[in-house]
Structure formats: C-alpha cells, structure tokens
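Given below, in the form of structure tokens, are the structures.
Look at the two complexes coming up: chain A is in both, with chain B in one and chain C in the other.
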Partner chain A sequence: MLRRYKAIAVFTTAMILLIAFSSIVKSWLMQKNWVLEGNNIFDWLHDLGRYLMATIEANQKQSTLLLWLFPVLFTALLLTVVNIVTIALFILLRRWGSIRFLHRKNEMRKKVQASIIEYLYGDSESALEQMKQLKKQMLIEEIISLRKQITGSQTENLQQLFYQLGLDTFVVQKIKSARWFNKVLYIDAAQWMQVYASFELIQPYQYAGNPHLRNVAQMACVNLDTGQAFAFLNILDQSLPIWHQILLHKTMVRSSLPLPDFYSFLQSENASVIVFALNMIRLFSQKGSKDEIIRLVTHHDPVVRRNALRVVRDLNIYEAIPVVKQNFLGETLRVQVGMIQALSLDKPQETFEFYRNIWLDTPRRLQAEILKHVSPGLQAMLLKDMERVQIEQKQN
Partner chain B sequence: MKILICESNPLLVQLMGKELMSEQNEVHLAWVGEEMASQLTSFAPDILITEVLLPQINGFEFIHNARLQFPNMMIIVISSLISNRLTELIFRLGADEYISKPFDPTQLNNHIQRAILRKKNSLISNAIDYVTKI
Partner chain C sequence: MADIFLNNLFLIIAALIMAIYLFLGIISMFQLIDYKRANRYTEFNALLSSPLAPGVTVIAPAYNESKTIVDNIKALFTIQYNNYEIILVNDGSTDDTLNRIIQEFDLVETEYIAYAALPTQPVKGIYKSRNQAYSFLTVVDKQNGGKADALNAGINVSHFPYFVAIDVDSIVIPDALQKLVKPFLSHTDNKTIATGGVIRIANSCKIENGQVVQVNVPDEYIARFQVVEYLRAFLMGRMAWSKLNGLLIISGALGMFDKDIVVQCGGYNSNTVGEDMELVVRMRRYLYEQGVKHKVEYIPDPLCWTEVPATHDALQRQRNRWTRGNMDTLKMHRKLFFNPKYGRLGMLGYPFWLFFEWLAPLVEAGGYVFMLFLLMTSMINWPVFLFLLLFVYLFSVSFSFYAVLFDEFTFHRYHRFAHLRKLFIIPFIEPIVYHPLNVYWAIRGNISFLKGNRKWDKLERQGFSNTASE
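For the complex of A and B:
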C-alpha cells in the first residue's frame, strides 16, 4: 500500500516539475531579450530554440502535444549533449592520468631494478643510499619477485638488502593495513624475508573469511613458526582447497620444514583437512597408525575414501585389503577405481578369485575399469575366464 | 659467445645478464614479447636462454621457431613449469637443457658449460654411430 502511494507521489512530483520546467524554458524561448544575452553559445542556443519553435508553430496541424512539450524536449536534448561531452572529457582525462601514472610507475620501477642490480653487482653503498629515496612498496615488490625465482648466495644478499633498508619494520606496519590486498602483499613479503616479528600479527588471518588472505597467512605461519606450524589445521572451519594444499606442500618442501605428525589430523571433522593430511602422509611416506587409515577407507566422504585408498596403495597397507573387498560393490565408480588400484597389493591369485566372484554382479563400465587398471597378467587371466564363461553360456 | 636471454621478469633478466657478462660473453636481454623474436633474428645468438611463460608470445612456439630458424643454436629453457609432460614437450620442441625455477643464477655458467659438453658428446656419438653404420 505504502509503495503504491510512494509511486503516485513520485509521479505527481515529476509531472509538476515537468510542467514547471516546460513553462520556464518556454518563457525563456519566447523572450527576445534575456539575462545572459551577449554570450555567443547561449545566444546561438536561444536563436536555435526560437527558430525550431517557430517552425513547429507554423505547422500547427501536426501536433499540439509536440508544441507543448517542445521546450522540455529541447532542454533535455541540450542536457544530453552536455552530459555526453562531460563524460567523454572525464574518461579521456582519467585515461590520460592513468597512462601518465603507469609511465611514472614504470620509470620508478626501472630505477628500483637498476639500484638492486647495482647493489648486487656494483657499488652497494651508493645503491643503498639511492634506494632509501625510492618508494618502499615498489622496492618490496621487486625484491620479492626476484627472491621467488632464485636460490643460492644472491638470496642472502637480497635478504640483507631488505633489512638494511628497514623494510622489515615497514612490512610489520603495513600488515595492519585495512585493505586485504595490501595485507596479502606484505604477509607474503614477511614470509619470504623471514620477518619473524610479524608472526603474531599474521596468526589471526589464518582463519580469515577471504580465501586469498587466509591462504597466504597459513603459508606464512607455516614458514615463520618453528614450533606448531600446522596448529591451524586443528581449528580450521573453512575448507582447505586443493590449490592451497599444493601451495602448503610447496612451502614445506622449499623451506625444508620439519614434518609434523600428520596422523594427528586424521581425526579432524573437516574433510578437507583429512584429505590434506592423507596427501602429506602419502607424499612424505610418513609411517603411523595403519588402523587410522583403514578407518578412513569407510569414511562418509567419498573424497576422503579415495585419498585413503591412495595411501593404502602407496604405503602398502595390506591390512586394508579385506575392508576394501568387503565394501567394493556398494561404492561409487570413482572410489571403486581407487579400490581396484589398491587391490593390486593383494596376491594376483586372490585378486583374480575376488574379481571372478563379483564379475557377474558388476556393471559393464566397472568391468572395463577393472580390466583397464589391473596388471597385464591378471588382465589376461580375467579375459580367459570371461571367454570360458561365455562359451559355457552359449553351450547351455 | 653470443647469448640472448628472454624472460618476462626484467630484474631477473638483468641479473642473469650480469652473471653471464662476467665470462666475456656478448649478452643481449629481452623482456618484451615482440622484442624477443626480433632480437633472435637480428642478433642470431649461439645460446638462447628463455622462459616458456613469456609475455605476448607463446613460449612453446617461440622455442620451436628458434630451433627451426637456427638448428645449431643451443637452447636452454629456464621455467617454473614442473609438469613432466610439459618438460618433455619442451625437449621435443628443440630445447637442449632445462633448468627449473627457482635456480641459482651464480651456477648459470656451469649449466651452460655442461649443456655444451653434453651436446658435443652427443654429436660425436652420433657421428661415430653414422660411421660404424657405413
């Protein structure tokens, strides 16, 4: 109801304004002499308006509505032209400004790069003095971009440069910035340059809502914390995406971090954390409780089950074979493929017997998957048996 | 030796250039896509050091074209690609050596020397094979 009244009120106001506006413009066009007379542009517009109005009045048979609305239409046309010109000017100015800004930024970047090279290969003292005058953010960006690509003695020189310029304290200050992308940039810098003073500040961001910030903070904490580097996995509510898992693994390898006991994360309620722990157990061949892995073969999440089966296969957990066989037929196809690969651990004769027993209850697609994934010897045995069964069926 | 370095990161290119210049090499640097192709043709280097992920141009195509244009040139690829398939593809396109990032720039000269030695040895063994077949 209220909405309807509001609409009526807006419509009525618009109509009143329209009529008022129309009469003002009409009176402006009707007067031969007016306030701003003498100004070339306004005079030209005034004359044009008067000429058009006179033309419409001369052909009165056409439409009285057009005559009545003409002042409004004329002004609207003028305003549209003014608007278009203003917007075009605004766009051009902004574009010109951004090109100039980019040009300046490139010039500055070249200076920064030249100074860094001078520091590494030339007169480091003068290069250092020169760099103190340059923008700190750009210095950090360039130093980090280079640090990510190289190893060896030059990385130590870069780190030394970073600390000599006082960029460590700058980074700690800037992590407090309100903008998430600034936080990401400086947390990443702190991680690469081993700014341990920033650890306390970064820690809360491990559970941030923004996935970019969360991931970079997690990697930084893994890198900077010498004790409980992966403690965040115990508290993490959000999903840990595969890409973040890969990056965490890369960080661990790059920094040669001491491995935590990944078996302790297998009890987690967060399925992505279990998947991460399983992947790490598999990649680092970490030994631990086999029962925990066997329990996960029957986990309610199929992704966890698939990863648990990979661990079974790669870590040769023979004890899981009976559980795999028991649950084989009730599984989804993707998990079944994992199970077929895990069953390669079993003795060929026993696996053959198992497949033979379930063969007739198995859909065609799964039969094809079995033949695709088993060893060539077992494949030959199964094909031979299939031929025999087919012959028997034909004879019957 | 004439060396051309193509890499998207200008700072890294300059760093590699400094490392290689210290060994009396003539080094040219390129970090803009179009510049890379034109420098390759005009400079005709003995060794091309390149990334695969290049700006504006396709790195794989660039390596392939370089190999077709200069069959005897040594091509060293420095990249962060870690996929075995892609590395295999890089060698099939004509690369002689692959260095994965991150790498130690101070060891770049050693890498080049090793690659040259390997190429020489393979040429000699190919020649021996050819002669023994005859």
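For the complex of A and C:
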C-alpha cells in the first residue's frame, strides 16, 4: 500500500515536517533571547524574521492569511536556500566522487577480467586464489557479462569458476533480498549459471505482481526446471506480454531447451498463454492437432485469431481455409489481413473466385489490403477484373 | 478590501502551484528510480533478433530541407531495429529537396497500393530505391498541406502496426525504437497507445555521421536556458504525468503511436498548429468513450537530440505557436474539463494543463499588473513584497537545481565540470530574464490565437556543425 502511494506519503510527510518545523521557527522568532544568540548569521536571520513579522502585524491592510502563513514561508525559504546549496554541493561531490569511484571500479573490473581470462586460458589455480580476494558482486557481474557473450566449451569452465568461488551460495542468499531489483539481478545470475539450488526459491516469483521479477523468474524456471519447464503457463492468471514472450523465446533458443508440447496450452483460459503457445508452435514449426488450430481461428479474442491465422499460413494448414472464407466478412480489419495472408495457401484461381464474389461487399480499405497482400499474379487478375467491372458499370 | 482579497488570491495560487510542482517532482523522482532499476539489465537488443518483434514505420515529414535532407536521411539509417521502414514525406517542398533525395538514393517512381484511410492533400508520387540497400526507404511526394497532413500521408502508406513520428532534422539515437516499442509490448492491463522519449538539446554538440558524439552545453544563452527548461519539463513534469496516466502530449520531435487507434481517431488534425498534443488528447478521449483502459508512457531515456531556437525571434515564434496549439486543443476538447467520464484525463490532466500551462502565464501577468497598481498607489509593503519575491525566486531556482540533479542521477549527459558550471548559473538567471519573456510570449500567443492566427511558422534551424564548441 505504502509502496503504491509512496509519492503521496513522501509529500505528506514533507508538508507535516514543514509545518512542524515552521512552528519551531515561529516560536524561535517570538523569543527575544535564544540559545544560539551571538552567531552572526543566526542573529541576522532572527532579526530579519522578527522584523518581517512585526511589519506584517503592524500593517493593518495586510491579510491575516499572510500573517498565518509567514512562519511556513519563512521556514520554506530557509529550507530552499539549504536545498540549493546542498544539491549543488552534492552534484559536485558526486561528480568528483564518481570520477574516482568509476576509475577505481574500472581498475577493479580490469583486474577481475584479467583474472577470469587467466583462469580460462592460463594458470587457473593462482587466478582462482586471486579472485577469492575480490568482491563477489563484481565477480558475478563480470562472469555473467562474459557468459552472455560467449558460447562453446568455455561456458562450462566459466560455470565451474562460478561454483569454485562459492558464488552459487552467495546468489541463493541474495535472492532472498527484500528488494525486488536485487532479486532480479541474482535470479538472472542463477539462470545463467544453472544454480539449481535456487529453483525452489525462485518458483513462487513466477506469479509475482512485479512484472520484471515475474519475467526473470519465469525465464529462470524454464532454464532450471528439468521436468515441467513451462508448467507455470497452466496456472498463470496474469497476462503474458509479448515482451516476456520474446525473452522466453530467446531463452529457449539460446539454451537449446527441449520443447514442451505447446499444443497442450491451447486450451488455456488465459488468452496471452494461447498466443504464446501459437507463436511457439509457429516459430518451432511444431506439429500437432490441426483441429485445435482451426478452432482458434474462431476464438473470441481477435489477438488469438490473428495468431492462429499465422500458424495456419506458416504450417500450411489447408484444412482451415473453408473456416477462414466463411468468417472473412464479419472480421475486424487486422484479422482480415491475417486471413488474406492465410488464404495465400489456397489455389490462386479459387482465391480469385472468392475475392471476386465478395468484392462488392468489401469496404475500400479492405480491398486495398487484399490487393496489397496477395501475390503479384493474383493482384493483376483482381485489378483486371476491377477494370472490367468499372467498364460494365459505366456502360450500364 | 479588494487589495486584501487580491493579495490572498495571489498568495493562495502561488502556494498551490508550488505545492503541486513539489508533488510532481516527488512522483518523477520515484518514477525515474523505478525506471532505472527496472531497465538496468533489460535486454533491449532481444528485439533485434526476435521474430516476434513488431514492425515499426518511421515517418519523417520534410519541407524545403534541401540543404540537409540527405544527411538527415542517412542519420535515420543508424536506427537499430529488426523490422522497420522509413517513410519520408516531401510536403510539397518548393526547393530541390525531392531531386536531391532521388539522386542520392537512386529512387524511381513506383506503383503503390495504399488506401487513404486518412484524408490528405493529393499524393503526386511514391518513390522506392533501385538499390536494395535502401529497400526500407519510401519517399512520398505530395502537395503541401502542413506537418499534420504529411504525417497522415505517411500513415496511409505505412505497413506496420506502430509508427514513429519524427522531425526529419532531429537526431534519433540508434536504439530509440527498441526503447519506444517496449512499453507497447510490456503492457498487461492498460493498452499502451503512445510513447515518447526525452528530447535533448543538440545546439553546440558535436555531431558525426548523424550521431551526437560529444555533448556540450549550448554556447548561446537562449539555448542554454532551454536546456534547463527541457530537463524540468521532461524529467520532472512529463515523467510524473506518465506515472499518473494523465499525459496530454507526446513531443512532435519523437513519438511512437499505435497506428490502428490513430486511424480510428481520424489521424493528425491539419487545422491546428498543436497537432502533436491534439492527437494524443483525441486518442485518449476516443478510448475513454470506447471504455478501453489505456496509457500514454514517457521514457526518461534521452532518445532524440534536436536543435532549439537560438535567437530571440525564432524562440518567440515557437512559443507563440505552442501557446496557440495549446489553446486550440484545450478549446476543441473542452468537454473533458472536470468530466469524470474521462477519468484522470478529465479530472487531472486537462485541468492541470488549463490552469498551469494556459492560465498560469495570464495569472502571472495579472500579478505583475497588480504589483504595478500597488506601486503606483504606494500601497506596497516593501519588506513583505521583497520577502515574497525572494521566496518565489529561490523556489524556482531550487526546482531547476532538482532537474539538474535528476539528470545527474539518471542519464548524466553533461559530464564535464565546465558543463556543470554553465548549468549552475542558468537557474539563477532564468527566473529574471527568460521566464518573464516566456510569459510575454504566451500572452502574445493568446492574442494571436484570438486574432485567428493559425500559421505554423516553420522554425529556421542553423543546422548542426561537425565541430563542437569547447
């Protein structure tokens, strides 16, 4: 709750603190003598505040609102000055510090990288001892970064190094972190380094509310679960966005994972899961029940229908053509474009006949889409026929 | 009695404005932090190889850009994306813009089937290159109809479900499309209908092969003021409105849109000079009326660099146009005003824009007049007046400092100490010099609007130089 409304919470707290602080300032201004008396700046401020307050009080025409607000405004003014100075100093110090920090970090990074290379291609024992002295987080960052860039036998050596340094237990510990972005970082590391011990820990996050955490957990579980890698799709009630689908697909390709039977997810009540399954069936040309695909051509969700049509086209499911033709005119434009592409499976003459029969009932925008998406030969036939119809219409 | 009432009124308005800006600043801060954390390890380049990545059309209208058009198009070729096309719309240029493109890219007029879903001025021809290397480039030559009309022509010809509208002379960073498209692919409950990125100022920056290779703070003060102004507007204003889902505008220099929704809404409005804002408001209004949950998202990444007016006159004309565009859109969509049917757009976004973007300069001008009246009638309480003036001034300075801080924490584009020195001076001068000018230009914009001025006033750019100032 507080996370959701953190801006409101911070703003309210700031306002409360301002009012509380201003009441202190007010009582300070009311006093003639006070604790830090003798300090030039504070004395000056005190005198200024008292003078302004007296001026407002003395002026009959001045509003009571200003009188009431004055301590708040005076406090805010002081805080604003402090703010400006603090921010300027902070930026300068940070800039100065970050230059040094970055320099140190780069030095450290070079050292880590050199040690990893030494481990992989040189004296692995001494390199290992050297790395044991280094910061674990940096080691993980560098090992994962390198792992993402290489393939082949060295990946196994890199993984071995990861375990020899005890980074697997460090990762498992860090996944327990309360901060979601730390979890994301270390779940990703666990995924790349095949830390199976973290699987149980990661599993619940597949259904987390935070989409970033959910996505990385799903990818990790796909990688780490040797049995039912995609079981989470059966119970997922949140939407599986295309972005997550892209990353899951990339994970599968990258790790050459054994493919599950994606047809088993086509019955899901979650439309995004069906879309994912259809996409995977299409991209991996997975064979299965054609009837299932044909059924989805008339699914209630247009996104599912569109993706089912892509499968029809790419997997040459000729049996779907009668269903496509039957539903063509009542469809939304985007699905109709998918249907036009799917109809390219049909014999040109039959497709031509189909379009010719529906041409007059077809809106101009759809006609343009048909002409745009059919083969050049069919396009020429349709354009010729259009000319003929126009001539006939003129003659009549 | 009246002077006390006015005193109180101005006091309340000023306090309210400051409180609201403070609140927006806090929201932006959290939004920026969240964005940085969420995207720290995001593999945007997954989009480069994924067959699931959607296609994107880049639409760039051009009018009399003969001198720079070839370089501008080549700069667009640096975009890194899997599946995209570039549509350059020559909006009836009277110079040799079209000829230069034809020669450089070996273009030939081609047969093209496209349904004009959006009405535009007649298209004279569509050109494609004979060179396969430029197969993703399409040039539409049409009669002049203005930027909105040119964008509509581009939409009619486009192939893909999303399009990016850009100013042809802007410098788009190579991975801009990857970052802009991601929110469209990541949404779960609310459909993303448009995304925009932070626009940065390229004046005095070093440009090589269509990319900014060295960032500098502009040499001209007038452009330098705009650096801080843009940081405030993008990192503190629009980020907050993005979080609140109350955004009314995606900058015309760079924005990505869901084409289907744009077409359903009738495309860009050619009869307004604020076509970028008007489109977003109309899209949102349409979706609220359809009962579709949606969002417009801002990305804090600096995705685009643009040249801003560096002269008083050019800036004055730009601000005048912005004010007119603003007023036009607010007038066209007045139905939204505190209308709960339009959710946050009607209850938050629209009223804020009305009060703070349109009315605020007018109220401020009223304040100046009132101050003059008090001066002339010797009713001014000098100590209190100076105190309040100092307070408002310092608040404004600190707000600008926060914007610089946000940039420092997030994208850190001005990385030299010399940059900081220049940037630190601006917040102190800006409220005295630049802000009153803005108020004046806004008032003139209001007057122009009431006089019925609907002219676009093309911004004459000085062009990028390859040598940066040191």
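Here is the rule we use: the second predicted complex is superposed on the first by the 290 of 396 C-alpha atoms of A that agree within 3 Å, B and C clash if a C-alpha of one lies under 4 Å from a C-alpha of the other, contacts with A are read in each partner's own complex, and residues count from 1 in each chain.
In this text, a contact is a pair of C-beta atoms (placed from the backbone, for glycine too) under 8 Å apart; a residue touches a chain by one contact, two chains touch by 3 or more.
Here the structure is a predicted model, which means the values were calculated and not measured.
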item: Chain B versus chain C as contact partner of A:247, first or second or both or neither; value: second
item: First, second, both or neither for A:81, with chain B first and chain C second; value: second
item: Contacts of A:389 with chain B and chain C, given as first, second, both or neither; value: neither
item: Which superposed partner A:14 touches (first chain B, second chain C, both, neither); value: second
item: Greater residue coverage of chain A in the superposed arrangement, chain B or chain C; value: C
item: Which superposed partner A:283 touches (first chain B, second chain C, both, neither); value: second
item: Which superposed partner A:116 touches (first chain B, second chain C, both, neither); value: first
item: Partner chain(s) touched by A:55 [first = chain B, second = chain C, both, neither]; value: second
item: Touching residues on chain A, where the partner in the complex is chain C; value: 6-7, 10-11, 14-15, 51-52, 55-56, 59, 61-63, 65-66, 69, 73-74, 76-77, 80-81, 83-84, 87-88, 90-92, 94-95, 180-181, 184-185, 188, 211-212, 238-239, 241-247, 249-250, 279, 283, 333-334, 364-365, 367-369, 371-372, 379
item: Complex contact set, residues of chain C against chain A; value: 3-4, 7-8, 11-12, 15, 19, 22-23, 26-27, 30, 37-38, 40-41, 43, 46-47, 49-54, 113-115, 117, 161, 182, 185-189, 243, 260, 379, 381, 383-384, 387-388, 390-391, 394-395, 397-398, 401-402, 404-405, 408, 415, 417, 420, 424
item: Touch list for chain A against partner chain B, complex; value: 109-110, 113, 116-117, 120-121, 142, 145-146, 148-154
item: Complex interface listing, chain B residues touching chain A; value: 9-12, 14-15, 18, 80, 101-107
